[in-house]
Every structure is written in structure tokens, then in C-alpha cells.
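Shared chain: chain A. Partners: chain B in the first complex, chain C in the second.
This part shows the complex of A and B:
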């Protein structure tokens, strides 16, 4: 046993009190994030936490890290800009399933292929909670809401399969039903050198269905580790990811055992290479003078 | 409810006391959070009860901390908050908007029962007789805490025949 922690979870907790509905899964998620950050041990001023719009996107305000509650669906472009401006920052992005897979869905593929060292945490509750319960991209087919009185006619998106198909090098799923496991997965995602995606099944206590509350989720949860899943096996991960919506697998679906260079690293290398033949600063004007 | 990295078979009395203090601290903070949530949602009766529970947990934690200080002074700790998850603290999903005092007390009762279960489950692994005695004491105290909450529950008038839930409208079509 060791208690030599430089930072504790409480060091990442801001004085702002959450205004989520009592019972919301996001209360546990923010606790998991505090714990993961404490385990990582980076001081709050070296962390930038970026979000979009939605209940879960309030999360940066509840931490002592630098935060930016941006506009709907635009957490990822802004997080990428911040990472490029200061690659030494630990950059986290967060939001809900609507923010991430609907209006912001187009950004996912490009961040994945760019592979910036950003951890993206999605609190997936299968509903637009902040705007009072409309269908979201992960709502199940047949789901009745105020915008689908007779049931949704659309298939839900499968975030895990999306990310694996885009080529993400780290894809995991967690749930507040296992707080210790969730904190460990977030920590592992942050430590992964490159883009990491964590889908967190976080129940909406007000507009969520009974089966998607904690008790219902506990009934369908299965640990990937207990199943003997090898997180280095991408195809096996895709097989398991197909069960999204019927089973809730918790753990790391895929972790590239040989992570490629990040975009930031490649940019630094390119800059160093270009600098080799660069003219000295005091002679830059000479380049524009006709001789 | 879970712990991480704690070997109960090798737990010393100092570590056990520290662990007990941390369990009370976690519960106190959670009750304070619940009270804040209830105040946010204009449910003062439930908030008042959760503040009362937070005070009880704080008092118990202070007693344990004083005992630890008498026995071990300023000696360093081998346990920390990252090692425990919701032992006596009510689970986040126990809270609900507009909780009645009865629902608040039932949530607290469930937490005290959960904490009792934790000590019962840990006891067979414990080797150190002093730690065993402490855990038995803490286990029994959880029963006393349950009695305390049950006494508060008994003071409540019966619930109305209809609940607030029955007046909630179905989502309106948009």
C-alpha cells in the first residue's frame, strides 16, 4: 500500500457546485475524472478541459483545470487548436452523445486520423437531456420521446464501432456502475500516447429509460477482462463492439500495442527538419529582395 | 462499493483507523453533496436531513481521528482516498429530484446497511486481533447508525396516498 500522492482527487474539484439532476450518472463520471487526474499527478494548471454543449459538457467547470465550455459539437476542433498551440498541455475533451456523434460527428474521423494526444470522454445517455428529452444519435430504434411519439424509426449509431472503424488506437467503455473501473479506464486513456476515446454509459435519471438506469445497466454489464478479451486484437474488439445497446462491455476494447507517432510529434519533427535549411532570422528579408 | 490495493490480511491498526476516518470523510462529503443537490432543487427537508447525516459522519470521523492521534501521533499514513469507493457514502444514483424526507432517510439507511456489509465482508480476512476488534466495533456502530435513521423514519407522518410522480406529465410532442 502506498499513499504518496502528490495530488489528491479533491485538488481537481472546483468550488462550483454541479447543477445536474440528483441521481445523474455524470456525478460519478466527474468523480472518476478527479481520481484519474490525481493518479496522473499533473497539476491543474497544466490541464485544459474542453467541452461542447449539453448536461455533460458542464464538466470542465467542475474541475480546477483550465476549461472551455465551447459551442455545440465543437469541442474537438477547439481541443485540437489548443493542443497545437501548446502541445505540452494535457488536453481532455468531453461531451454527450448528441454533441459528439450528431452535430460534432464530422470531427471525430479527422481527429482520429490526425491522432493528436487528446482524450475524449463521451457521456452517452442516449437522449438529449438538457433540452428535455429528444431523440439523440444513440437512442434505440423504437424509442418514444417527445420528438418520436410513435417510436424512433432510426437505427442508433454505434460509437464504439465508429471509432474502431475510423482507426482509433485506444477505444474503451466505462460506466458509473463500476466507479473504480471507470477511474482506471480514464487514467489509462489519458496515459495512452495518442488520441484515446472513452464511451461512458452515464444514465439520464430524468429522461432515460428504466433499462438504462444504474440497475438496468448493472444487469447487462460484462467486464472485457473477465471475458478474456485481448485489447491488442482490433477485429475481436469490433466483434464485441457490435453488441453495443444489448450488452454493456466495460474495459478497453482496443489499445494499439505499438502506438504510432502523434500529430504533435510529427509536426515537431517536420519543424526541426525544415529548420535545418532555414535562413537565419536576420536574413529573412533578403529572401524577398531581387538581386 | 469497493476498495483498491488494500490487503486486509496485512492491515495494521494505524492503517485500519486511517481507513475508518477516510470512510467517514467520504460519507460526510457525499451527504454534503446530496444536501447541496437538494438545495439546488428546492427540497429543503431532504437537504436538512442530509446535512444532519453529514454532521454525524463528521463527528464519528473526528472521534476516530482523535483515537488515531492518541495511539500513533503524526506517523505517516499508508492508506488514501483513492483506495476506497462509496463504502459508507450513499451511491450517487440514490438521490432524486424532489426527494421526500422519507426517501432521503431510506437512502441513508441503505448506505448504513452497505457500510455494515463492508465490515462484515472484510472481517474474515483480518489477521491482526486489534484490527479485528476495531472492525467489529465499527460493524456494530453501523447497526447503531441504522437504528438512528430508523428512529427518524418512525417520527415521520405517513406518506400521502398519491405521490408527486403521479402528477408528472408525459413528454409533450414537439
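This part shows the complex of A and C:
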């Protein structure tokens, strides 16, 4: 992976014109991704961009990377399959809050456990936009949507706290209110050796509430750097993450200063160790025959 | 295998409560009380010294705990057992459960409503007494869930947006097991995800109604209408020997009527029922006349409702003994046989028809127009519209078959309806007449002029 200055943001932009609603936060997210990828400089054919289903899951199509718009909630298992098939690829996964924390919620803990070098970008807008405005797992309690006419009775999930508790080694949050900051965070997440999670507060202009639009988000945003937060301090990160939904902290909550080996590294080590004194391939079935 | 040696006891300390019955029966004095607390259970198990043991087995006999002291040759492992057998007849003071029958409540006459198919099905469910709806948003079915979220809280009911279709079907397994009518609205990819649960519900005989507003596939496909889940609903309801009645409406009115029927059938047979509609039917607005009564559901006697009256009931789909499971499968097959009586169809100008157009759901609407147009041209065409694709109404079709009669299957799938038709004819031992077809896929529907052209080519 040699960083070159050959690539510019526009090289990662595909010919397809996004069909998101005008003003959707996801336009900025894809811009942030172009910039981050340009800064990293891997050629587009060495990048695999995997998504689930939802408005935000259209995002791979708007890049020149290899894209895979997969099954609802299954972006992460499919991304893992791709990473195992070709560990040299830069694997990005993306989707929305419903895709990631509702139908796909069960997969998160296990990718964190495996710690494959995959960057997962969630465009969290607290609503199901593609199906026209239903309750999402991050919708705040009491939120009225067309499937919660009298207000939701459920507490929202806190994705940041989830990921920290699962033991993720890189957890960050960004927002289109700060595009340069978002691009930098995405870049840092991709560069992090191991699983990295970036929650992006991406407002839904069509079904989102007033307070969740850019103006409202700007009012509650606070840079973690400005707060003097030390990203190596996991407990402090968890403290700050508890304010998800009331405050919007931007930046890196937690970055493990000593990232452990990734799953694919361990797999390679295991293979090397097992192959050291292994019988020739044509004799491998002998292992099954009792002597 | 002949026993060559008498078995010596083996103690599983986690199950021993230290009651000491084994201590008092052992003639050799091998077993003694101990004073060490077992950290897993907090009680003090006995200790065994097998040096003097002659394997008399008295201690094993004396042990009241099913897994405390066992013969050593059985090992410390134990196999999974059928819960119904493991605990024997379930002891309860409760009386034998009785059916609490559903009640019919008359409704005042009212003007017809003009509503979407999805809303009509939702109203049908409410009138059938359904107060529990689970669902996950998926176009083009979501309006049903949305209406339920608005209406159910005012009717003492529950709408819960599940985290996925996998969760949805299992919420339904729970509510259906309690003996209450429950429903989901979904569309093809979501229905795929529910199949495992439907298989469990069929095995455990749990009623529920699944409204599948079919959309274009395979995979993500699109959100336009298709009929390509007929195969799934008729032949592929999860693993095991499963079938379920599949109703196929073709108007908003039928979305309501057949949803009500679906609830009746699901409780009559204690089995899931599938309502197969297509994307247009879900979204189509039409005139809907409400029925003259609604239903207040009762509680069937098999329900595990969670009160004393239903204490004796058990709902499961596990039969570890092969003989038992075969018997259960035979019983289910008997039920599928009985469901054949529910086959329904509507015919239009079939009596003298030389060409019978077979179609259901939205394609049946174009087919009806085509039949009328063909009649105008003096060509003898008729429409046979199955209201159930499983069981296929082959008896009703039989009446219109005969020498010189032909069939034209019109469908929005790659021959899934035709497969059901051919299979049904074959099972009924009927000769298959010449079958032609008009098929569209991917969200495109058969058009009236296409059907007319295909029919004219056959008849003229």
C-alpha cells in the first residue's frame, strides 16, 4: 500500500448522479469519502465498497470503487467474506442506522470481535428514509413517525456506546456540518489497522425533524479535540458517548494506541504455522486416516 | 450389547443436593457426606469412593435426582430428550382447557370506502379480530403497518415495529402460540427471511396471517409487482414438509374479504395462511364494502395463553423420536389433505369457452378485459381465476376442461402459476390440455393486448 499523490477526489467519483433528496446529508458523506480516499491514494480497483439496503446504501454506486449493494442488514458479513477472499483489498462498508443497528444489529459485535480491517461508516439519520419515514432504532423515544403515530415507546440504541462496549478499537463520529473534519476522520478510520467505526449524523431533509437538520446539529456539535478528550482513554470515551442524542461530539472517541493484530493477520500466521511441517498437498487426506 | 459388568455409580456433583439417601443404602460404605460447598449450586454434594464398590446399584436406585447418580457406563453426558416425555404428563390442577369461541358482532351498514389495497387488508384484519401486528418496513407493503400503528393503540391492540423480518415472524410465533390472531405485512425479500419461522409455525401448528405484497425479484429486484413468490409460498415454505393455504386477491375488495377469510382458515386449521398479493394490489385504490359483521376472537383450547386454564398445553415442533416425527408429519399431511377443500376459484364466461385464460392477482384484471374483448370479436374465451393457488382449484377447473379446450396461463412470473396448474392437473390424474402462456417479469405486467393477441393466435 504505497500512498501516491496520483489520485484526486474526482477520481473516486462515478458517473452516476445520486438520486438522494436535494439537501440530503449523504451528499456530503460521499464527498468526504472521495476526499479521504484521495488522501489515502489507493487506486479505485483496490477498494471494495459494500453496503446494505437503504437510502445511504446507494453510496457505493457513486464511487469508482468496486461496489456491492447487498442484502438488507448484511453488509458486514458480506464485507467480511470479501476481506477473507482478498485481504489486500481496502474494504469499506456503509449503510444506515436501520440497516446497521436494527436488522443487522447482530452482526456488529462479531465483526468487532474478529477485528478485520474493515471501515464501517453508518449514516445515522434516526429514520427509515427509503421506505418513507418509519421509526428507526436510533429514533429518540417519543418520536412520532408513520409506524409510531403516538410516539415511540422504545429507547433509542446508542451506537457509539455499543461499539465501545463491544470492544471496538476505533470509534468516531462525524457530521456534514464539518466536511473537512469528516473527511479527516474517515481517512483516519481507513488508515486504522483493524475494524473502525464511524457514525455520521447525516440529516434526512425529507423525514427528519427540525432539530436534526444541519442547523440543529450545528447547535449541539462539539469537537472532541476542543474538549481536550484523549482518544486513548476508553472510559472517558464511554462517558462522552453517553451524551449521544443530546450532544453531538465530533472526532475520535477512542483509538486503541496499541492496535492488536487483525483477523486476517492472525489467519495468515495460523496458515504459516500449520503449513510449516505439513505433508505435501496430495498427502493431506492422510490426516483423516488413523494410523 | 450384553452387559458384562454391573455398572458402578457416577456422581454429577452439580445435580446432587446431598440428601444422603445413597449414603444410607450403600452397604459397602463407599458414599459419605462431605462438607465442601459446590460453587455452582451452593449445596453440598456427597463424595463417592469406588474402591469397594461392587456395583450393586442400590445407590442409583435410591437417588431421587434424575441425573445425580447414574450408572457409570452411561457416562456423565445425557442426551436431549423430548420435553413432552422428559417431564411426563404435566401435572396441573387446572381443568381441561376449553374453547372460548369467537363472537360475531353485527356492523351497521355503511357506504363503501375508497381505499388502498394495503389499507383494505389492514381493515380486514381488524374486523377479523386481529389486534397484534408486527412488521418491518418494506415497500410496497408498508402502508398496512402504518395504518395499524395508527389504529391499533385505539383498539386495545399492539403494533410493534420489529428489528427485522426474522424478529417479526418470531413475534408472531409467540402471539400465535398464545392463541391470538396476528398479522404481518411484508414483501418478497422480507417473506424470504420469514420462511424459517413459518416452518416452525407449521410444525408447531400456530396460526398467523402473512400478507405478502409480492415485488420484483430475485434479490433486491425492484418494488414493482410480480407474482414470483408463488413457488415460495406453494412449494418452499421453509424446511420440512410444509404447506399453507395461499389466497390470491385481485381487487381491493378481495384484499379485505380474503384477509378475513385468511384469519378464519388459520384458526380452523391451526396453521399459517399466506395472502399473496402483488405490488399493484397493495397500492391500488378501489371501492371496498365492509362486511355486515366483525369478529371478537375467542381463545382456542390449545393456546398457551398464560393463565391457569391453559396450563396443560404445550406448543412445540420438536419430535426427537423418528417414529413420533413421522407420525406428526403424517398428521400434518392429513391436514394438508383436508385443506384441499378450501380451494376456491372464480370463473367468467367459462361454460362454453374454447380457450380458458388462467390468471390471478392483478394480471387477472387484464385477463378479464381481454376475455371481454375476445367475446366482442366472437371468440369463445373465458377466465378462470384461482382465489387459492395452494390448494390449486383443480376440481373447479376440471368442470371446464374437455375435448378441444385449451388453456392460456397469464402471469407476472416465469411460469410459477403454470407449474402449480400442471402439478395440480397431474396429481388429479387429468390429461394436460394444450397450455400456452403470456408471461411478464421484473415488474412488468401482462397487457390486455398481449393476451388478446396470444388468444387470437390460438383461437383464430
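Methods note: the second predicted complex is superposed on the first by the 277 of 291 C-alpha atoms of A that agree within 3 Å, B and C clash if a C-alpha of one lies under 4 Å from a C-alpha of the other, contacts with A are read in each partner's own complex, and residues count from 1 in each chain.
To be clear about the criterion, a contact is a pair of C-beta atoms (placed from the backbone, for glycine too) under 8 Å apart; a residue touches a chain by one contact, two chains touch by 3 or more.
In this text, all values refer to a predicted model and were calculated from it rather than measured experimentally.
In the superposed model, A:72 lies in contact with chain C only, and not with chain B.
By the document's definition of touching, of the two partners only chain C reaches A:137; chain B does not. Set against each other, chain B and chain C differ in how many residues of chain A they touch, and the higher count belongs to B. Of the two partner chains placed by superposition, only chain C is touched by A:128; chain B is not. Of the two partner chains, chain B is the only one touched by A:180; chain C is not. In the overlay built on the shared chain, the residue A:105 is in contact with chain C alone; chain B does not reach it. By the touch criterion defined above, A:38 reaches chain B but does not reach chain C. Within the superposed three-chain model, A:53 lies in touch with chain C and out of touch with chain B [touch as defined at top]. When the shared chain is aligned, chain B comes close enough to touch A:25, but chain C does not. Annotation: chain A residues 132, 134, 146-147, 149 touch chain B in one complex and chain C in the other.
Looking at the complex, you find that chain A touches chain C at residues 53, 69, 71-73, 98, 102-103, 105, 128, 130-132, 134-135, 137, 146-150.
Across the complex, chain B is touched by residues 1-3, 5, 8-10, 17-19, 21-25, 27-28, 31, 35, 38-39, 132-134, 145-147, 149, 176, 179-180, 203, 205-207, 213-214 of chain A. Residue ranges on chain B touching chain A, taken from their complex, read 2, 4-7, 15, 33-34, 36-38, 40-41, 76-83, 85-86, 91-97, 99, 171-174. On chain C, the positions that touch chain A within their shared complex are 135-139, 142, 145-146, 149-150, 153, 159, 161, 163-166, 189, 219-220.
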